[in-house]
Structure formats: structure tokens, C-alpha cells
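By written order: A, B and C. Residues from 1 in each chain.
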Amino acid sequence: MKTQVEEINRNIYDIKNKDEYDFKIKKGITKEIIEEISDQKNDPEWMREFRLKALEVYNQLEMPTWGPDLSELNMDEIATYVRPKTKLNTSWEDVPEDIKNTFDKLGIPEAEKKSLAGVGAQYDSEVVYHSMKEDLIKQGVIYTDMETAIREYPELVKKHFMKCVPVTDHKFVALHGAVWSGGSFVYVPKGVKVEIPLQSYFRLNSPESGQFEHTLIIVEKGASLHFIEGCSAPKYNKVNLHAGCVELYVKDGAYLRYSTIENWSKNMLNLNTKKAIVGKNAQMDWVSGSFGSKISMLYPMSILNGEGAKTEYTGISFAGKGQNLDTGFKVVHNAPNTSSVVNSKSISKNGGKCTYRSLVRIKENAKNSKSSVSCESLMLDDFSISDTIPVNDIQTDEVEFSHEAKIGKISDKAIFYLMSRGLSEEDAKAMIVRGFAEPIAKELPVEYAVEMNNLINLELEGAIG
Amino acid sequence: MEKLKLNETPVRTSRNYNMNNIKLENIEIPAKIPSFNNVQITGNNSKVSIDSQTSKINLKYGLNKKLLEQLDLYANQKLKLTIDNKTNKETIINFKLDEKEPILLDNIEINANEQTNATVIIKYETTKNVKAFHNAVIRTNAKKDANINIILINLVNLSTDNFISIQNNFEENSRINYTIVDFGGKSSVTNYYSNLVGDNSDNQMNVVYLGRENQLFDLNYIGELRGKKTNFNMEVQGVLRDTAKKHFKGTIDFKKGCKRAKGNENEVCMLLSDTAKSLALPMLLCSEEDVEGNHSTATGKMGEKELFYIMSRGFEYKEAMKLMVRARFNEILDNIKNGEIKNEILQEIDSKLD
Amino acid sequence: MSKLLEIKNLHVNAEEKEILKGINLNINKGEIHVIMGPNGSGKTTTANAILNNPEYTKTEGKIIFDGQDITDLKTDEIARKGIFMSFQLPEEIPGISVTNFLKYAKNKATGKPVKIFEFKDELKKYMEELNMNPKNMERSLNVGFSGGEKKKNEILQMLVLNPKLAILDETDSGLDVDAIKTVSKGIKMFKNDNNAVLIITHNTKILHELKVDYVHVLVNGKIVKTGEQDLAEEIEENGYAQYK
């Protein structure tokens, strides 16, 4: 039997606006270009120096020697800074019509009204909209764009900026350090529980350009937050680059859930870096849905530094024609009684390639730690690829570690069972695929679960669910 | 003294994980290879012919080029076994390295003809204190419908470097049961590659390893499923104590066309000390839809409840521990039907745990 | 009596091996039929062949249902014509709850949108009758269900989908006495003059609870004897030895 699940419906995401901008830097990465970005952005001196230092590191580091082939990426062809024709706004009314329309179609203002406590929206290299509910402001929660944060909370930013993810981590982090622009800054004071999620949405419209937003979140002791990140771009013929960086500080007893629905266009190289430092008895949960991009290399990481710290990763990737999604999770157990749970799923179809690549490292001092990993891969045809490449590094004996992985196709028996109840073959397969993705969908807020299901486009809407 | 880089994985991953290969320092690769005669071949198999006409070494993987070249040019033991019997009989090849002959480069080629059935036991041991060097290549070709058991036993001492490259080729309906008992060596580095080309071919691979003191095991096992309805099953049970260390790299690679193939990989490592280290990379690579692939790994210490139960029956800790390790290994060691050899292995387990 | 199912000289292969070697069977509306036979005689193959499971190949013969040739229809088309099969080993489908699945399947069966409240009431009623734990409804279809729960869930699906012909493949096997009673109760609730039931079994316990019209003995891919309820009793006493 041949499986046919519809291609992801991208109509909404593919709407291109004219490449209009206030300023677009010339292509390439040189000292002059970095200095010009710094000038354009009115950086404080320390940031200017930081960028130049990062550039030096970038020039020294080599490209990854593993994973997807990145040879089509030519940094001389990428404009790393594109400032849209608007300033930062706090009301959608003030956002220029074409940009606002884009976010309307993506459902952002609507979601803000219905289910979010705050929203940030970035268009190309700058944040064009930021707003948060009044009561959170009163409780001392800060949610703003990174540029404002640098101006208004310089000490807080300086203390944390690229300390969790140092520029020496890898080449694209160094690049990010040199050219970063936009992104969100969140600070949740001690004990404050933000009950409704905050969301930042990143939209890259400009062709042959890159987006390098920086997200920095600090959740203080005993506080909690759910942060959602969405991203998309219309499709162009030449490659675009996304090399964002997410740094999360989850202090003692705090809770942070970081959800991502990534739906970049299929000309995007998504080389993103996300890392969390998790304190004593704190918990960091990742929910990650990867659907878009031509190539993704994305491995969120939790460093469990405090005793009793916990982390969970729930991820799904869906690779179709021409896509190579190399994703996974990394966790370092660096204190006693820490625990991690990983649940990863992937679907490969129509020649797409999914790779699950991971690291579980339990260090010698992490006595009584637990880690359990489960990954499942579904092959929907015989010309797609699915690889599982997990590294498990166990350095002490007082641990419980287990890893399970499965690979295979949709069971013919299950299809027959559902068909015997009157479902067509397509419906039966779609239902099984949707059931396969369900553990991830249920981790997402309802609107996003719906968006994910739309993305899989199983056309079961209304009938099921 | 040289720095040796060997045992590359089929797919690279981040260099920081130290999994792409192993680099060994201070390895003395002998430049001059003296002769080696201390080999005993016994058994009840009259339909095995043995000569030294081994073919040119041409492996897809292997440990590294240099070690394979050395074997091709200077092997001091060449054994080509041609198997013709239909009922399962046993051949035992026993190499013993000692002060007089501390260097062994053996090139073993096992050709099992159509519909044959045989067991080949290959055992390496050393005298107690010799600092020996062992480099081997073992190739097996299983013709149509052949059914071969190979049992590889490494009992060399802890001053010896042990290098083994293995390659198996499978014709239609052939089956190889490969059992590896990997106990010896300062460093024991094995590259194992099965090429399951023939439809319905089957490879059961069972490994036990047991490390103590500063031993290092680097195990790179690769199964490529190419034929239809092929089956590759890898079961690895290990125990590490003291500061012993193992790198396990297991790959099941479903190649395009291997419809209805199955691959299983189970790797379990018991740590008996908080300074023992277990690094594992169990890979599943898949370019075919109609397959079933599973892998599972588990690492941890001995079950405390079981230990308590056994000790409550009057066993002291060490005895209880031995019992539990034996229990772990038992299922795999049951593949060894030769009572004498099995006993020797059980004794080795006990002495390694003392 | 009007004809519902007619099987004519059916030959079926599984993995190249001939399992059914010419089966003939007629089932009218309002009847309960039983096919009995030892392990490996072709009972499950018969059920799967009616539903046209692609794992089995029909080499000869015809299946007529409700006046239409369904021999080569796809499984879902056959199901939508009104044939239901209760599986011996129901598949586990993770991520889809029993309620959602049934709602969807019912929708497909009737071609009309399901009225949610009526549907839930109906479901609740049936579940009470079948002694089922209402919590199971929100669990994934058959995932982690015990053997008995799976079988009851099959009967529940039969009641909800209300087919013209229900084929119960070893629905009684592995069940305790109480569960068998519950299953029989489900069959009685389902049965009326306009539908029919085909029970496939290798033991006779379930037959104590039901009144059946015909018993067919299937041995080595052929129906070797057809009788009434007393034939089942005879087999219970003497086994299949005499038919081999």
C-alpha cells in the first residue's frame, strides 16, 4: 500500500510582501558590515565590542563536520540586517498595513485577544510590535524586545547575554553574536506565576537575508512562565538563513515551558541554538514542532545544574520533499537527583529526511539521576529517510537510564482494522498519523494544536477532535 | 609509540561527543613481525579443510587502514577454513600469546558452502604477564542456506592491545550466529560489519563484555540490511567495574530495497562502580519503508532488590554480585555448547569480579 | 426470508498457501450462524476474506452481499455496505480516543453528521449494558486495554455502528464466564429480524447463551457439515476428530 498524506498546506505562510525596508545591509560578513549594523542599531559600546569579538570567533571556527550538507550556504550572499519600515509599536493600529496584514493572516492579534498574556512580533530584523497585559506589568514582569532591554535593563542583560550560550559553542552561534538583531526579553520576578502564555512570532519576509533574533528569558526563583515561539517565512528561490539564539535561565524552584511551532519556508536554513540552565528543583519543559525549512539543525539543550532539576522534551518533526530536518535534544545531568524525559517523534515522507540526534550526559556527580528517552519514526514511503543517532554518555553508576527507539511504517493491520470500520484508506492512514502526533499536539495550547493539525492537513477537522 | 585513530562510525556526529572514532595513545605497533606458531586447531569436524590461501583483505569498514594493511602484508597466521559438512560439527582454533611469541597477526577466512552447518570457536589467550599485541581480521562468507555458528573469545591479559576487524557476507537464506565474549585487553577494539545481501538471510549477534581496572572497550558494530526479509539482531550485555570504560557504537542500517527486513538492537550495561563509564551510540538508519527497527539501551547499577534477595539467602556481597553477572550473561553464553570452553568463561567471569 | 450474504465456492490464499478450498455459505436476515472448527481450519481467513483483507488473496469464488457482488470491493466500502467484523486481536491505535473514533466511524457509516448529545447518550447506555468503564472512552483506542476490555469494545462498536451483518471472530476466546455473558448480551441487543450474525469460534461456551440457527463445521478449508444447535453440542462432546 502506498501512503498519501497531503503536503503541508502553506498558503497562508507563503504570502510574500514586497521587499520593502527602511534599511538593508549589504550582503556578506565583514568587520565593516558588523560595524555598520552596530551603528544602525545604536549599540552601546560593550555590545559593539561583543559583536566584533564574536566575528573573530566566527572566522576561526570551522563549519560542522557532521549532519546535513550546508555547502549551499554562502554567507557572501546573505544580508544579515533588514530594518522594516516601521518603529516598535505597542498597538496593532500603528503597525504598517502590509505588515499588520501578514500577522493578521497568521492569526497573531486574534490569538493575543483570546489566549495570550503578551505578544511580540518581529518582521525581518526588528521587532515591530510588543505588548503585555497590564496586571503582569504591575507584578514586575518584563516582556519587551531585546533592544529596549539593553537600553532599559543594561545590567540584567549584560549579566546574562550569551553566557548560557557562549559564542564559542559553534560557528553559527558566533555568527549570531556578531549580527544578532531583535528577539524578546522576558523577566519574571521571584514567585510570580504567569498563568497565560506569552508569545513571540518571527517573520522573515526579505529574500536573501537572515534572521538572527535573540531571546533571553529569566525566570526567577519560584516563578513560572509558558513562552511560545512561532516562526514562518514565504518561500523564495535562494536560501534564507535563520540563526537565532534562545537563552533560558530557570532559577531555583522555577518553571518554564518553551513551545515552538516552526514553519519556515522550504528555502530556509534553520540553524538555531537553544539552551536552558536549570536550577535546584526547577523544571524546564520543551515542546517543539518542526515542519518547515529546507535544512534544520536544532537541538534544544537543558543543563540541569541544580539538585532535583527536571526537564522534559516533547518534539515532533515532519519532513516532506526536499527537507532535511536534523533535530533532537541534549541534556546534561550536572547535579544529584536530576531527571529528564524525552519523547520524540518524526514522520518522513515524499523523499524527506528526519534525523533524531541527541545527547544524554549523566555526569559523575549526578547521583540518583534518571533519564528515559523514547523516539519513534514513521516512514510513509520507501524513498524517504529516517535516522536515529543518539549519544548516551553515562559517567556514574547510581543512575537509571533507558533509551528506546522504533522505526517503521504504518501497520497494515491497523489500516485494515480502521477500514473495516468504514474509513477509507486515506482516512485510516491520516488518522493513524494524527494519533502518532497526538502526544505532541496535546502539549500545545489548543490554538497551536489546531495549527499543527492544519499543518499536517489531515482534513479530519470537525469530524474528529 | 603511536597515536592510533580507528573504528570510525558510519555516520559522523558532533566531535564533542568523542564518538566518531577512538584515538589511542602509546600504542606500540610492532614494526617487525616474527612468526607465530602457538595455535592449536582441534574439534570433531572432518569436513573442514584448512589452508593458508586467504584472499586479499578488502573490508568495507575495518578498524583502520594501517592495521588492515599490516594484516594483508605481514599476517603471521593465515587460516582459510572451507566448510562442507551438513551436520553441525565443531572446530576450535586456540591462539596463545606468550613471552616467546607475543605478537599475533591472524587473518582468518571462513567460507561456508551451500547448505552447510558448522560451529567455529576462535579463542585468544595470553600468558599472565606478557605484554602482547594482537591484530586480527575474521571474514566469513555464508553461501546459500549455510548455517554457521561463530564463537569468538577474547581472554587476553590486561597488558595486551587487542584489535579485531570482522566482516560477514550473507547469501540467500544463510544464517550466522555470532557470539563474542570480549573480556581481555588493555584496550579491546572491535569493528564488526555484517552485509546482509541475500534475501532471508539472518544474523544473530550476541556479545558479552566485562571490564575491570582501566580496561577500555571500543565496540563498533554495524549491520546493513539489503536483502528482502533480512534479519539482524544484536544483543549486547556488559558489566564494567573500577575505572573501566566502554564505547558502544551500534548501527542498524536499512538500505533501500530491504523490504520487510527487521533489525533489533539491545544494549544493556551494568555499572559496578561510580567511576566506570559507559558511552553508547545506538543508531538506526533507514531508507526503506516496509521495515521494523527497534533499539533499546539501558545503563545503571545492579538491581538493589535482587541483590538484597540473594544476600538474604546467605550469599555474601561478592558472591551475590557474581551470581547476578552470570545471570545477565547466561542467555548469551548458552549459545556456547562446548562445556569445557563455557566453564573456562564462567571461571574467567568469577576471577574478573574478585 | 431474504438473502443477506451468499458465499459461492470461495478459495483463498494466505502467503501463497491455499487456506480456504471452496466455501459455500448462505445467511439470511434474522439468522445467527456459527462457524466452528479446529485451529488452522480457516475460520479467521473466512472472516478476513469477507472484509477483503489485502493480506489474503481470493483465487476463486464470489461473495454477494445484499444483492451486490462485494468480492473485490475495498474493505472500507464493504464496511460501509453494512458488514462489521469483531477482531480476534483488535489493533491498538494510539492518539485517537474511543469516542472520537466511534463518532467518526458512525459519521462515515451513516453519511450524516453525528448529533453529539444523542451520540454520547447512546454510547453511555451501551457501555452500562456491557459493564464497561466509562473512563475507557477517553483513552486511546484499545491501547493498554485488557483482553476482555478490547472484546467488549468491539461489541460496543458493533452496537454503535449497527451493521446489517456482524461477524464475530473468536470474540469469546480468552474471556471468563461473566465476560462471555456480557458479550452474548450485546449480541442479543444487536440482533433483530433485519440483520444477521456470524459467530466464528472454536469453543461452544458462547452458544449456551444464544439461540443459533445454523452451525457449520469448518475443517481444512472446507465446510464439512452443517446442522443446528445440537451439532455444536455434539462437537463439544466429541471434538473434531471424526471430521478430519
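Keep in mind that, in the parts below, a contact is a pair of C-beta atoms (placed from the backbone, for glycine too) under 8 Å apart; a residue touches a chain by one contact, two chains touch by 3 or more.
Quantities reported herein were computed from a predicted structural model and do not represent experimental measurements.
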Just to be sure I understand the contacts, which chains border both subunit C and subunit B? A
Which of the two pairs, A-C or A-B, is linked by more C-beta contacts? A-B
Grab the C-alpha centre of each chain and report whichever is closest to the global C-alpha centre. A
Could you grab the centroid distance between subunit B and subunit C? Build each centroid from C-alpha atoms only and quote it in angstrom. 51
Taking each chain's centre as the mean of its CA atoms, subunit A sits from subunit C at a distance in Å of 49
Return the distance between the CA-based centres of subunit A and subunit B, expressed in whole Å. 42
Would you please write down the residue numbers of subunit B that are in contact with two or more other chains? none
Parts of subunit A lying in touch with subunit C, wherever the complex brings them together: 1, 411-414, 416-425, 427-428, 431-432, 434-439, 460, 463-465
Provide the residue numbers of subunit A that touch subunit B in the complex, in ascending order. 64-67, 357, 359, 364, 367, 377, 379-409
What residues on subunit C touch subunit A, complex-wise? 51, 53-55, 74-76, 78-80, 84-85, 87, 90-96, 100-101, 103-105, 107-109, 140, 157, 161
The subunit B residues in contact with subunit A across the complex are 11-15, 17, 19-20, 254, 256, 259, 269, 271-301
